[in-house]
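I've put the structures underneath this note.
What follows is a pair of complexes built around chain A, which joins chain B in one and chain C in the other.
Take a look at the complex of A and B:
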């Protein structure tokens, strides 16, 4: 079509349009009698700015994955005792440490990542992020991994372990139908992660094979008691163009906007934040109205920073501690506005009265 | 049922084999259709394609934007499901942000189903905006509004503006071109041939452009509509249609005792062809507005105005040796120019790419027919190659193409 313009003559033509429209309104104003009360074509006002108009439409089903429940679940603590035993068993050892045994499996599963949007994910135990694994430094972990998926998978933990337990080399991939027993001690303390390291790596990650791995300090009293929350920052590339169409904390876009995370005023809140976002170099977390103490990678008991915005590279993580001072809603989101508007946004709802 | 043979001559009387009765013929005609229906039923029921695709094979999802309007309430988009499988629009992004929306009649579109999305987005005048629809399987479909300007609504002002645009683009330029008539009628044979050849050059250029635009629109139209075939056969139909109209006019003239000259019929045909073409142009301008590209529409307007002045010349060139009254001339001008107004209104109100293809096709066919008519008049009884080789004709052809090329170049 003629005049399929480039940006340069778009500018030119816009001016021309204004001229023409001005002339047009003038002439038609003479020609047509009933012009009163008509909005002027050129200076038409923008639509009403409805703040509530932003965000995905509808609600996801929380039947198979509930992001609220995921926040405070580790070692399958959400399951009834009998069912939990199928996936997690702990046995005290003579030296005071604990033997923790896990059953993890990889399985292809369609998950709802935003209302009405279904993503053909690769999952650990049917969920993205995978189950949070939590141990105390020095505990012995024994993780039986079964690959029920359609591609080779595996487990690669961040932390100290012998090379044979790394799960990253090509020969360490677990073929579909096979299984492998990963065995190592949980060290060092901090907030870590585990993920699939099979090739092509990028795809195995963004399809959903990752989870949080928390190692508590050996002394139980090292960190004060707190309301503890697991947040895995992630994104989904639904049209496979190597860019994420959806971002979230814990998979479901804008979920915590609709279902705020309930916390108590005056109580210490500890967030275990792991950045598993693929494709984008960095992600971030910004909290409104409050500051938090940062423990990068959680490997120190001394905070290094007090801030309201933290930047995390891919695979980077941190423990954040804060105590809400006022009741009400506190927004939190990635401070890349694009991520926020594509789903990485939520609310804390602090309840109770202000501590004096 | 009437039988096909005369009733008294039966097979027994003539000794010939008795022909089957009407009922039998009907049965024979219908039987293959019944079998075909059965086959279709079996295909739908057993689904051999599904067997090939297998369980859980991703659906083929296609969505096409039919129309995008910007208004005080935000963005309104009409989308069509052009694919074989149903598509559910799960979420809508505007400029990389999820935005609330409503979908009428519903979010799920069947094959060739249509939905109107209303998105209360605070668009910014003069900026570019990108709409992105996310389906339930995460597939995305984008539409860019290059320069956001409020879409005219179909009120008195709308019709006023489109009438004005039509006047600027179609009627006034054509009328200006008609003013060359006195020059044409005073000129000698060589000048008239030059003028006619110039017109042929102009029209050939328009023809190529119409072909390009039409095929481009065909490519952007949903594939179910088979735009390319529609374009080619639409053009062919227009060509044959005009050929028939020309034949009918000539017969009428012969019957009426040659009251009207042959130049007149030619001018009438040229005006009709150009009118059809201008309807297509008006459609393109109106469509640019309806797709939220009002500023691009302006560019089209300037281009068409320049081009169309030459169309007036094309109409009067065959009238060189005819007595012409002003009223007749005005009618010819209106025939050639006024359809632009109607086209702009239709394009602005009910635009869809497929209408654009169809009207561009009709315009192209009409122009092709006019070119042939004019060539016949220029060439007469001689061979085409011999005639083209003469200086006035070759010069005219070249000048015609050059004028179009240069005016096209100026407006980009």
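Take a look at the complex of A and C:
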């Protein structure tokens, strides 16, 4: 992928693509030959490799879900004020905390997870991952959940709450057409998750019922200002054989390969990474060309680890912090190469001049 | 002459030949005659329809109904008693199935899977009163009131 930063290589790669398109009409790579009848080894091998590295052909529609917008959206901040009020309201309280009220619903929706690949998802608010919920530790959350889906669902938050608000027991499932009001205080600070806990659990999870739940430390200055990004690692079992056929950060396979995440050189970047992959026991995130500080579960303000690859179990999450030193493109992906090739692959595009 | 021509031609080519020469003229006259007759039949109907039927376009978006161009979710819709109304529902939630039903009047559109529209023709009863309109699969969120008011027949 170095070619992306280098104009000379980019020209070459476009030519290679054209050549690849031309070769597409031939049935087999074995048949490739130059005009004198000798095998043309360069054109036979390079475009094949380049093709694999470029991800899928075509683009996914971002009309109903835009992974770029999702990265920096929480509490429905992507919606215009009037629309936002339907789903999110905040009221300051006298003790300095905030009452945050949410309207979440479950609904069946067919979503596009790779160009031309549609998945019959179960969603929170029509999107996978569900909307990111974000509060400050000590805030009071009031979440009205309406099940508009075709199966029993619910909300199960990770974090402190009384048992009646856990949403996981069989009798706590919300039947289609019913609703339930979840109320609890946001704690502890960190990066958490919410998901449906209806049975069979693995099906309800892989169908798309999950989202990120971020709780900020009580002091606003506890974490330095940063460009903050939400990444939910997920996979999709498109043929219901209990194995994933597609993987991604934020649902759409290879999306950030085609639309790199733009960041600024010298600016602190903070990633809230939640692993919601089902069926595969672990997932990981590897970032090229740099290291990041790890705050596991985000429950400490002190980093415990500096690395370039973090492993996450199902439901495990972490805050990662780093600063891009060099302008250019940097790959990030699951270090399970199979996941990467099936969509869990993206690029950061750092812009600006190198900090000295 | 036309008959002789037919006998000479292959069956598959008849239609083509018919539009050439004398046969074509005959067919043209026939088509024109049919058009005039149907126009005479349909014209009074379409004129009366345009005068009496009110179109109300609703869009289904983000799990709510909106009057097209409106910003109020699930708005109250006021109809005049005895009025003729045609509801047009457009689904702007790709991948989500919506419809429009006024169950008190036993009226319902087909289910739409996004980027499609359906119509519901309603002869509003003469008695004032309220009805509920819903999207059947999402009645928990997509639900509004139809107010039938007396008089003011359009």
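Throughout what follows, the second predicted complex is superposed on the first by the 302 of 356 C-alpha atoms of A that agree within 3 Å, B and C clash if a C-alpha of one lies under 4 Å from a C-alpha of the other, contacts with A are read in each partner's own complex, and residues count from 1 in each chain.
Note that contacts are C-beta pairs under 8 Å (C-beta built on N, C-alpha and C of every residue); 3 or more make two chains touch, one makes a residue touch a chain.
The model shown is predicted, which means the values in this text are computed figures rather than measured ones.
Trainee: Quick one: classify A:64 as touching chain B (first), chain C (second), both or neither.
Mentor: second
Trainee: Hey, is it chain B or chain C that touches more of chain A?
Mentor: Comparing touch counts on chain A for chain B and chain C gives B.
Trainee: Under the stated touch criterion, which partner chain does A:341 make contact with: chain B (first), chain C (second), both, or neither?
Mentor: First partner only.
Trainee: Pick one for A:297: touches chain B only (first), chain C only (second), both, or neither.
Mentor: A:297 contacts neither chain B nor chain C.
Trainee: Between chain B and chain C, whom does A:56 touch in the aligned arrangement: first, second, both, or neither?
Mentor: In the superposition, A:56 touches chain B alone.
Trainee: Touching A:126 in the superposition: chain B (first), chain C (second), both, neither?
Mentor: In the superposition, A:126 contacts chain C only.
Trainee: Quick one: is A:78 in contact with chain B, with chain C, with both, or with neither? Answer first, second, both or neither.
Mentor: The answer is neither, since A:78 touches no partner chain.
Trainee: Have a look at where A:116 lands relative to chain B and chain C in the superposition and call it first, second, both or neither.
Mentor: After superposition on chain A, A:116 lies in contact with chain B alone.
Trainee: Name the residues of chain A shared by its contacts with chain B and its contacts with chain C.
Mentor: Looking at chain A, the two contact sets intersect at 118.
Trainee: Quick one: in the complex, what on chain A touches chain B?
Mentor: 1-5, 9-10, 13-14, 16-17, 20-21, 24-25, 27-28, 31-32, 34-35, 38-39, 41, 44-50, 52-58, 113-120, 236, 238-239, 245, 253-254, 338, 341-343
Trainee: Once bound in the complex, which stretches of chain B touch chain A?
Mentor: 58, 71-74, 88, 90-93, 96-101, 107, 120-126, 134-140, 146-147, 149-150, 152, 155-157, 160-161, 163-165, 209, 213, 216-217, 284, 288, 294-304, 408, 411-412
Trainee: Can you list the chain A residues touching chain C in their complex?
Mentor: Against chain C, chain A makes touches at 61, 63-64, 82-83, 86, 105, 107-112, 118, 125-126, 146-148, 150, 177-179.
Trainee: What part of chain C is in contact with chain A in the complex they form?
Mentor: Residues 62-64, 71, 73, 93-97, 113, 137-141 of chain C touch chain A in their complex.
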